[in-house]
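Heads up, there are several structures right after this.
Each of the two complexes below includes chain A, the first together with chain B, the second together with chain C.
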Partner chain A sequence: MPRKQIFLLIALAAFIALPQLISVKYYLHLSILALIWVIMAQGQNLIQGYTGYVSIVQAGFMGIGAYSTALMGSHFGLPVTLTIILAPLVTAVFALATGYPSLRVKGHCFAIVTLAFNMVIFIVLLNFTALTNGEAGITGIPKPGYGRGAWIDFHDRQVYYYFVLIVAVAMTALAALIVRSRIGQILLAIRQNEDLVASVGVASWKYKLFAFVVSAMFAGLAGALYAHYQSFINPEIFSVAQSLDAILAVIIGGSGTLTGPVIGAFIVVFLPEYLRFADSFRLILYGLILVLATIFMPRGIVGLARDIASRLGAR
Partner chain B sequence: MKIRALLGCSAATLMLVGGAHAAEKTLTIGVADALTGGAAVYGLPQANSVEMAADEINAAGGIAVGDDTYMLDVIVYDDKANPTEATNAVRKLIDRDGVRYILGFCCSGATGAVASFIEYEDAVMLVGNAAERSITTQGISNLVRTRPPADYTGAAAGAFVAKQGHKRIAVLGALETSFYASYVEAFEEEFKKSGGEVIAHEVFASKDRDMSPQLTKIREMQPDALLVVGYVEPAAFAYRQATELGMDVPRYGFTSGSEEQFLRVASSEQMEGVWDLRPTELTLQSTTDAGLAYHANYSERFGDAPSPSSPYAYDQAWALKHAIEAAGSVEDTEAVAAALRELEVFPEAVMQYLPVEGKMFDQNGQAYTANGAFQWQEGHWVFVEELPSDQEAYSRFLSTVN
Partner chain C sequence: MTEILQQIINGIAIGGVYVLIALGLTIVFGILGIAHFAHGSVSMFGGYLTFFLVAQQGYPLILAILVALVVGMVLGVLIELLAYRPVRNANHINAFIVALGLTMMVEGINLQFFGAEQVVIPTDAGRVFSIGGVTLPELRLYVILAAAALILAMTIFVEKTKTGQAIRAVAENRDAAILMGINVQMIPLIVFAISTALGVAAGVMVGSLFAIAPGVGEGLVVKGFAVLILGGLGSIPGAVVGGIVLGVTEALAAGFISSAYKDVIAFVVMIAVLLLRPQGLMGRA
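Right, the complex of A and B next:
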């Protein structure tokens, strides 16, 4: 069996065993959030890592997913499982509408346009109070399943952990499938030299739009899972700051790799919590670590690990 | 040698006898509040006041439960007024630190996030300054709040401003923040009853510092008065810039800022005549002996005057002490939560609570204070008069809200 597959199996086994190894439920809570972030970061990686377009709207799309699942449930009485499935589709519609004009520009301009979209989404969530309840947010968002005490009780954090783990693994597999397909190869080619791709007759805008919309769907799904886990959402958590965290998760973990976003997501969730001992210096320390990591590990942790492995192999 | 041995035996016997009568134990309580960021003006004084109350309770002999005496130990976490951070902080307090009683909560978004799951936890949540109405409309039995909802105060403020004879008022504020919006909504409803009209709803964000565009627009509309609602700092900028733009109309507000907080941004001359229409909270002219002592102790300990809303958290700690003693248990959180709802207003309370059916908290877990009209006069907030407030009627109304 190739070394890579052995590593993946060990990682999967570790994730499955994790709830049994954790004695403090608080860390299980953080692990659930981190797995939700894995889904979001895998989406971000598709557009940022593989296509080379830095999008700053991922948290906005996460918000659309979260609000759409909550509102579809409360307004139309749809079952939770169905609203979770529909949430990425609703997000995709918004992504299509925003991606088409955004992808007419490149580089920094694209980043700024998407940032503006995130701000628009945030403002709408905050001010369209008749629908979103504004800053007060939506409370009492139900969990999937058949309620408390059911055979599979999603109120049990361990159950929700495995539920999110299954979805995160499936979405990572989907991302791997996309990356290794012909579409993925074209996305990589766009990242390397978009003009060259266009010169051989490939309509690159279609592929970019595909990556952008799929990336948004990942975020929408992550938002839906977040909403049903926390049972509460308000606009605060879907601001630009969260989108920047999604970018950081990809960069720190390893841009353009499938393992990178997984590592990055866990770092983005766990690191600020572990730094709580530093009290008011926590955020300064967090920022400093991120800056140093970006400077000294431009290819992320995965890149660093590969470098070390190849050096050891050369010996 | 013999004497030393005798003394040793006597000391050991005394310790054993003492131990059999009253074991001194530690009860750890948690605080989740905004210690950094824009909301820290409310959160940090709340966290400070819980620590101060805990020390005072300990100095007064702790919490007596049966034969045991509990000394309070406080763990404080910063939630940055962010819902996810607040959830993480409270999960950490409950799951890792084993805390059953969580106090603080200055801000509505973060509080709402925690309120959404707290009823399923073996814990009691005591909410302070967070004014969003929905926090106490969900029937959460293990949650109480010391601050009245914003619309309870807004209605009283609307009636007061109408009584001053104003007919056209312009509103400038953090209207995207729901509890400020609900204050204005209730204000407007009462104001309209007297034939008044709100001619403008101009918005600023909590991070905005330049309100001159909104104020210029309002000035052109020639209102009779201006109503400013929002966090202390942006509100102070709004008052300052209104005078800089030459607006000579009465200025009313809803901010709950201390004199020190306002004077960091605006001069006393620029603040002269401004009204703050809010729960009576902590203002020296209107307070009781407990309030005066609180102000003096806080100022001495932290080197800064307490914010007017900070005693909401101080009172939480004392309410908890009395409830635990009434319940006779620190482990049985259900009994403590029930005892909180049966609690009468206690002498250590700094805020002037208006009881509902003789109890400090109504059946929704909501406490009420009187509302007051305060005016800035020569560098100080001066209590002018109490605003008409019917806590019994509001409590009945609150029970009907989903």
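Right, the complex of A and C next:
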């Protein structure tokens, strides 16, 4: 068996065994959040890592996914499983409307325009109280499944862990499929030289819009899983700061790789917890780690590991 | 009618602040191609420092502003040397990530030194002028005049002085500038010093007109970039027009539509301009 597949199997086994190895309940909670962030980061990676466009609206789309699943459930009485599936589609509609104007500019300007969209989404979630209940948020969002005591009870954290794990693995596989397809090749080409792509007659804007919308759908799905896990959402967690976390997850893990976002997602969820000892210095320390990592480890942890592996192999 | 005029005057004062932020961003972007996202937080640092010196150390306002300007310039130079210079030759995304990290650090420093309380820089400019029903607070007048003076000084510096010419030369063609004997190691430091000084001035204006609190800096830097996109990248007249358009739009939106949604309306205007004129209001096609 090739080394890559062995590695994949070991990683999968580790994720399956994880809840049995964790004795502290709080770490299981963080692991569930980290798996949700894996989906976020894989989406972010499609637009940022593969297409080369840094989008800063991912948390906003996560919010749209979270609010749409909660509101469709409470207003139309739709079953949870259905609203979780519909949430990414609702997000996609918003992503189409925001992606079209944003993608008219490139580079830093694109980043700033998407950031402005995140602020718009945040302000609307905060102020459109008739729909979103403003800062107080929405409480009592139901879990999927058949309620407490059913044969699969999603109130059990272990059950929810495996549920999110299955979705995260499926979404990672989907990301892999996209990346390896012809579309993925074109996205990579856009990252390397967009003018050249256009010059051979490929309508690059369609592919960029595709990557943007798909990445938003990933975020929408992550938001829906988050809403039903926490049973409570408010606008605070869908602000620009969380969009930055998605970018960090991709950069620290290794952008343009499939393993990178997985590692990065766990880091952005667990690192702030471990930095709690630093108390008020936490933000400074977090920023410092980020700056140092970008300067000294520009290709992320995966890039660093590959360099080390190839050096050992060369000997 | 007076109500509209009133909101336009309010908008020009806010717009002046936006122009200063945008000018600081545009010279950095022009020279280094960096979206200096930490600019807003650094500006707020200047505002906080001024407040600290005036309210807690009893400095006169002018002296406090001068000290904050100098400290801000040193901070700007350090940021360039320690954070941006090491990633200069890397992918431009990396510089942006460094900028995000810097934002967190400076926000953290602000929080650590100055606390989470919202602060207002005390001034004794409390008079209110009234011209035909339109009121103009003394402070707002000073802000508009100071912003205009700084914009003028900056324009003269960039257009007329030797250093300004060198800055424009590096922005236009770095390699050719090296061949012409321009010290390209020195130019970014000068640019960051100027940029941060403009930012600190804007921070002081925000701190005395409104208030400084955690998160204000990030909102401000986004507005600054919105101004750049609105006016056209790398254009000083564009930044001036863009800033005033954004400020007036916001004031009118707050006065006549909804103050909660004023930012949304400002961004919608930016996006509309982007759709109709992707190069910005004053940018070259």
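Operating definition for what follows: the second predicted complex is superposed on the first by the 315 of 315 C-alpha atoms of A that agree within 3 Å, B and C clash if a C-alpha of one lies under 4 Å from a C-alpha of the other, contacts with A are read in each partner's own complex, and residues count from 1 in each chain.
Simple rule for what comes next: a contact is a pair of C-beta atoms (placed from the backbone, for glycine too) under 8 Å apart; a residue touches a chain by one contact, two chains touch by 3 or more.
Everything numeric in this text was worked out from a predicted model, so none of it was measured.
When the two complexes are overlaid on their common chain A, residue A:Arg276 makes contact with chain B while staying clear of chain C.
When the two complexes are overlaid, the chain among chain B and chain C that reaches more residues of chain A is C.
By the touch criterion defined above, A:Thr294 lies against chain C but remains apart from chain B after alignment on the C-alpha atoms of chain A.
By the touch criterion defined above, A:Asn234 lies against chain B but remains apart from chain C after alignment on the C-alpha atoms of chain A. Shared-chain residue A:Asn127: touches chain B and chain C both.
By the touch criterion stated above, A:Gly140 is placed in contact with chain B alone, chain C being left untouched. With both structures placed on the common chain, the touch criterion links A:Gln192 to neither chain B nor chain C.
In the superposed model, A:Gln48 makes contact with chain C only, not with chain B. After overlaying the two complexes on the shared chain, residue contacts for A:Ser181 are found with neither chain B nor chain C. Overlap of the chain B and chain C interfaces on chain A: residues 126-127, 280, 282-283.
The part of chain A that touches chain B in the complex is made up of residues 24-27, 29-30, 33, 126-127, 129, 133-137, 139-141, 155, 230-234, 236-237, 273, 276, 279-280, 282-283.
Within the complex, the chain B residues that touch chain A are 35-36, 77-78, 82-84, 87-88, 91-92, 94-96, 108-109, 112-113, 115-117, 120, 132, 134, 138, 176-179, 181. Residues 48, 52, 54, 101, 104-105, 107-109, 111-113, 115-117, 119-120, 123-124, 126-127, 240, 244, 247-248, 251, 255, 280-291, 294-295, 298 of chain A touch chain C in their complex. Residue ranges of chain C in contact with chain A, taken from their complex: 29, 33-35, 83, 86-87, 90-94, 96-98, 100-109, 111-112, 218-219, 222, 225-226, 228-229, 233, 260-261, 263-264, 267-268, 270-271, 274-275, 278.
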